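Read through the structure below, which is laid out as structure tokens, and then see the notes.
The letters A, B, C, D and E name the chains in turn, as written, and every chain counts its residues from 1.
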Amino acid sequence: MLERTSKDPTETAGVQPARHVPFRGAGFTPAASRWAGWLALAAVLVVWQLVGGLALVNPLFLPTPAMIMRALYRLAASGALWQHVSASFVRIVAGWALGTASGIAVGFAIGLWRIARSIGITFVSALFPIPKIAVLPLLILWLGIGEQPKIATIALGVFFSTTISVYSGVDAVPRNLIRMAQSFDVPFPTIVRKVIWPGALPSILAGFRITASVALMLVVSAEMIGAETGIGTFVLQAGNLMQTDQLMAGILVLSLFGLAVGRLISLLEARLLHWR
Amino acid sequence: MLERTSKDPTETAGVQPARHVPFRGAGFTPAASRWAGWLALAAVLVVWQLVGGLALVNPLFLPTPAMIMRALYRLAASGALWQHVSASFVRIVAGWALGTASGIAVGFAIGLWRIARSIGITFVSALFPIPKIAVLPLLILWLGIGEQPKIATIALGVFFSTTISVYSGVDAVPRNLIRMAQSFDVPFPTIVRKVIWPGALPSILAGFRITASVALMLVVSAEMIGAETGIGTFVLQAGNLMQTDQLMAGILVLSLFGLAVGRLISLLEARLLHWR
Amino acid sequence: MDLIAQGISHRFDRLEVLDDVSFTVAAGEVVAIVGPSGCGKSTLLSILGGLLQPSAGQALLRGAPPPGCLNPLTFVFQDFALLPWASVAENVAFPLLHTSLSVAQRTAVVDDVLQRTGLSDFRAVYPKQLSGGMRQRVGLARALAVRPAMLLMDEPLSALDSQTRELLMEDFVDLLADGTLGAVYVTHNLEEAVRLADRIVVLSRRPGRIRKIVNVASPRHSRGDAATRAQLLELQNELWVLIRDEAIDAEREVQHA
Amino acid sequence: MDLIAQGISHRFDRLEVLDDVSFTVAAGEVVAIVGPSGCGKSTLLSILGGLLQPSAGQALLRGAPPPGCLNPLTFVFQDFALLPWASVAENVAFPLLHTSLSVAQRTAVVDDVLQRTGLSDFRAVYPKQLSGGMRQRVGLARALAVRPAMLLMDEPLSALDSQTRELLMEDFVDLLADGTLGAVYVTHNLEEAVRLADRIVVLSRRPGRIRKIVNVASPRHSRGDAATRAQLLELQNELWVLIRDEAIDAEREVQHA
Amino acid sequence: AARADETKLRIGVLRLSSSAPVFIALDKGYFRDAGLDVELKFFDAAQPIAVATATGDVDVGVTAFTAGLYNLAGKGALKIIGGMSRDRPGFPLIGYFASNKAYESGLKTPKDIAGKRVAMTQVGSSFHYSVGLLAEKYGFKLADVKIVPLQSMSNMAAAIKGETVDAALMPVSAARKLMDEGAIKHLGWVGDETPWQVSGVFAGPKTLANAASVSKLLASLQRAEREYHDVVLASVKDGTAAIDDRTKPLLDIVGKYTNLPVDQVVGNCAYIDPDGKLDVKNIDSQIKWLQAQGFADPGYDAAAIIAKDYVKPD
């Protein structure tokens, strides 16, 4: 019954005029090209420098990139940069770790138990929208003006975001995997460790991305509380003294810090979520 | 060939002792119960009031709920509350609208075109992590101390978040729907309007949820710049004056505002995304 | 070990899903359950496997499971339910982790079932790297690792393309051939039902009631013969005629939010 | 209007997917394309429909499309590709929006195809409320709304359960029966191929080459007869023997990230 | 090295010359002589010092009176134990400044401030009170002045330079550079217009409980105040202190702690009472004024927040 057809399409194609099938699948594949971004960045910097260099704009209003780099260099050479960055770094890490640990604990409780969910969600949704900067005076009253209120500010901001991303993550663990584990009589703690934890991890790591930027935002607010060093203090001080070149140098450091953390989280994702 | 079997299971079940299949599907369905949350909230308020009422804590450090409500009442009765809220509301709406409109435009550009993506993503990822509060002095320098820098602060914060959620949303539009539209020779603008826009809408609305809270956070920072009215001003002033009952009343207003906006977005989602 | 469905009814809130379903699956017997979409087949299987408590009636076991059995009633899922973050070997070892088996015993069991399911070369591979058919083989290996008395299979082939389905069905026939392993096999596919089952339970539309229980007369190993296949095709047709109208109704049902 | 594949080859970066594929689909003819997973069937169909540009060779059209045709080559997708935010009627009207049809004409066309596909009662319903079979009927209605000369169908039934598949296949047979509509029908399923096609193009494993082009001799309308069905079963078996080994290889392939 | 019997005290101060006696007492060892081991904690604004005193982060605070401070005191979180600097004729401390444009269009004297946009750090601050006094003095309504709170000196500097406000109240130390640049116009000094008690010494309940060390602290402060008054303030002419053999050592100390060169220190020597007296009547009127504006909580007066055992009323 199988028989090779002898019709050769190219042979018969000549009989009548044939035209191309029109192509209509173009576009909608916007992959980023690395160098275009860098090129644009470079172009902007050059124009900016030129505008400043030709004194078209008062350098107080817009210091040139060269001035900013010089300010940054002076800061680094004096050793102050390192001091500021490390002071802020300690605060960020401490606050972030505290907020993340408690957020993960509460997030898991909300994700796993009915009572915890009812209570937890009520409080989280009531307290989450409160701007942390508004709570600063209370934190100072409660915790004084040492490192605690600074760390608490960061921890508080991180806590709520983490809680939300953790319980969303737990909710997003496919129910069929949990049913599978139950069908093998796997005990509750093992299900939590071996199914729910890895299943919620993508969402938790995505949450880290957010909380890292929250921590960075809040370190500046936190260092409004009588800090003597810290990159936030430095920026606030430069702002107070209208040293716009130093201010921008500080902002640059913050931005680089943010980019570095983002990169770190990407690496973490690539390592921990290689199975995706 | 079809024949009904005559075996009756209940009949034969008596021959050998039968036992129940053990149930192992319990748990992992944490639906929230509404009243438990309210109950917990009420319990916390009562304990709080008692602690304060029994003078266990200096009311400076923790004003009781009754004191907070009294402060709020005075504020409302004097008409100042309405003034503050409406002033902030105008700023939030203006800043949010500006940031959202530009964020949607840029987000779509990044989502649709290769060059826009390369350039846009570079700048967004470099500028996004900068805490807006650090930029306040620059905004004052550039825009003065009127409404513009306040609105700009909010707009700036909203812009980056919106941009990111919009282009993520555009990226998440199923490619098969776009291919489908292309296969019917649907022109580019129609695809954008009829496929990409509604497809990105869930992500855009989810972004609104974030930007609403960003706007709320930033209105407090923004009103640090020479505002006379505004709920942020009120909170800052209460903090400065160490009037903790008023401070907490202000925080309560901010929290309620946040909850109201969250509710509004939920309604919007229910209306616009009923097809999900 | 026999599995008995005794007057099982179930409702989700207002929705009546199952109505007084009773039948027995003897040890080593393969019973297929067919019926239109949404008639409660999956619900029934969950109840039989102890994952859901019925509103009325009960699922019963009679007789002892075979020696060495770690999980008498073991599911094989339509969507495979593999842990995406675990390799093939880890997935197969997963149901053994909390048992009393030593590490060496566990490794031995895993090696054995991987070999039986032709997965030995894929130990370290992650699910996303595998085709659907291979994933379901991992699901099967995992089920076999606990030495079940009875497999509860919920449309195990319906997520696969037809060529893969054909290949896996051959595997299933081999697996169930010697009659030591019983199975409840839920399917939409009448061809699968007549190829694999000793008996076929036909359910009505929701709420699912037993419409008919059909014996498949020809012994399983002879079902490859041309004559038997023609016979089976006929049986398949009869079943199709039996459920076609209900299948059409089920398909045209509109879900209201 | 004929559709001609002329020496089509394609590669994605380093991956060779198609190698010198040539065949012609005459107006009104139904050609099935079968082959193991990943052999490039979908890629080939995308190239034929102008959604992808081949690395070499070309897709050609010969002759004029029938009068009133708005989109000569029209796709029907495996995953239906319905707009989830549009009702059934809106989905069907979608490809007409940018055409020169007036609103009244558009409504008339939509009404007509909804009726032909048995969807008149479902105009206002959203896709999520429909069963898979009904969704694919919407996909079909949408395709018919533009009066295509040729349907390009990429496994249109493989996302459906077998009972629904059976029901839709009957619809397809009716639809293609009168020979006015041509189709390229990509499938894994040999039963579908032999039931629907005039010719079956069998592709080899990746890079897909034509292994064989098989004519299905019996006319389509008689394929329900018992005798013809036995014959078709035989053809199906022959095809299975032809691709079985490659199907096994394709299934056991590991994707490297 | 600290002696075992020394009482440890942490004092919160600003790096401003108005705290000069504290710097002198520390640098010249007066605290040590009294058996106190004093550690200075520097702040960048007055308000946090009051808060830190209330929370116990410092034992004693020396800074300007603010509405926040009074509110903390009103709730019993701290008490005033002594006076410090005052605005007084002839001693420049806080000035009224106009933007160039506003000056051009007629803002030439402090009383012209009525109806103008005036920048300051915060509402309820000492600057705000100064404007209130001005309003009282010249009989215009405070409500006519448009108060623009800008949180920080820098914001104020930017605002007045950018002419988005008409006037600002700034400490001389912050305004000097702008004045020299010609970016702003000086209208007058608060001390010349409306003298008042600007800053003081205060302590939290825990410190107050230790009467001995509070007395020692105040005694050693007064020793420095007397010296500062008799040496430095006595030499002030036209708002500038003389630099000579007697004043130089003290000015050096002030310069060291305020991070200013001596030639700038001499230009902003705040007046300080030689006996550490507190103008209680003025404090009471400050509180009344703040309460009337709603910046201070109602229900307390000066008597309630002053530690009578220590304060010498003026």
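What we mean here is this: a residue touches a chain if its C-beta (ideal position, glycine included) is under 8 Å from a C-beta of that chain, and two chains touch if they have at least 3 such contacts.
Remember, predicted model here, so these are calculated numbers, not experimental data.
*Asks:* On the document's contact criterion, could you list the chains that touch chain B and likewise touch chain C?
*Replies:* The shared contacts of chain B and chain C, listed by label, come to A, D.
*Asks:* Which contact partners do chain A and chain D have in common?
*Replies:* Per touch definition, common to chain A and chain D: B, C.
*Asks:* What are the two chains with the most C-beta pairs touching?
*Replies:* Counting C-beta pairs in contact per chain pair, the top pair is A-B.
*Asks:* Return the chain whose centre of C-alpha atoms lies at maximal distance from the corresponding centre of chain D.
*Replies:* The chain lying farthest from chain D is E.
*Asks:* Measure off the straight-line distance from the CA centroid of chain A to the CA centroid of chain B, and report it in whole Å.
*Replies:* 17
*Asks:* Between chain C and chain D, tell me the centre distance in angstrom, where each centre is the average of that chain's C-alpha atoms.
*Replies:* A distance of 31 Å separates the two centres.
*Asks:* Centroid from C-alpha atoms only, then distance chain A to chain E, rounded to Å. What do you get?
*Replies:* Each chain's C-alpha centroid was found; their separation is 43 Å.
*Asks:* Would you mind pulling out the distance in Å between where the CA atoms of chain C average out and where those of chain E do?
*Replies:* 84
*Asks:* Listing for chain A: what residues touch at least two other chains?
*Replies:* 24-25, 137, 141-142, 179, 182-183, 185, 239-240, 242, 274, in rising order.
*Asks:* Would you mind listing the residues of chain E that make contact with two or more other chains?
*Replies:* Residues 51, 54, 154-155, 158.
*Asks:* What are the residues of chain D that contact at least two other chains?
*Replies:* Residues 46, 49-51, 73, 128, 257 of chain D each touch two or more of the other chains.
*Asks:* Touching pairs of chains, all of them, please.
*Replies:* Pairwise, the chains that meet the contact rule are A-B, A-C, A-D, A-E, B-C, B-D, B-E, C-D.
*Asks:* Within their complex, state which residues of chain D touch chain A.
*Replies:* Those residues of chain D that touch chain A are 3-7, 22-24, 46, 48-53, 58-63, 73, 199, 212-215, 217, 231, 234-235, 238-239, 242, 257.
*Asks:* Touching chain E in the complex: which residues of chain B?
*Replies:* Going by the criterion above, the answer is residues 58-60, 137, 140-141, 144-146, 224-228, 233, 236-237, 240-243.
*Asks:* Under the touch definition given earlier, write down the residues of chain E that touch chain B in their complex.
*Replies:* Counting only chain E, the residues touching chain B are 47, 50-51, 54, 66-69, 71-72, 75-77, 119, 122-124, 146-151, 154-155, 158-159, 162, 164-165, 295-297.
*Asks:* Which residues of chain A touch chain D once you look at their complex with the stated criterion?
*Replies:* Within the complex, chain A touches chain D at residues 1-5, 7-10, 12-13, 15-25, 274.
*Asks:* So in the complex, the part of chain C that touches chain D is made up of which residues?
*Replies:* 36-37, 122, 125, 128-131, 133-134, 155, 158, 161-164, 166-167, 187-191, 230, 233, 240, 243-244, 247-248, 250-257
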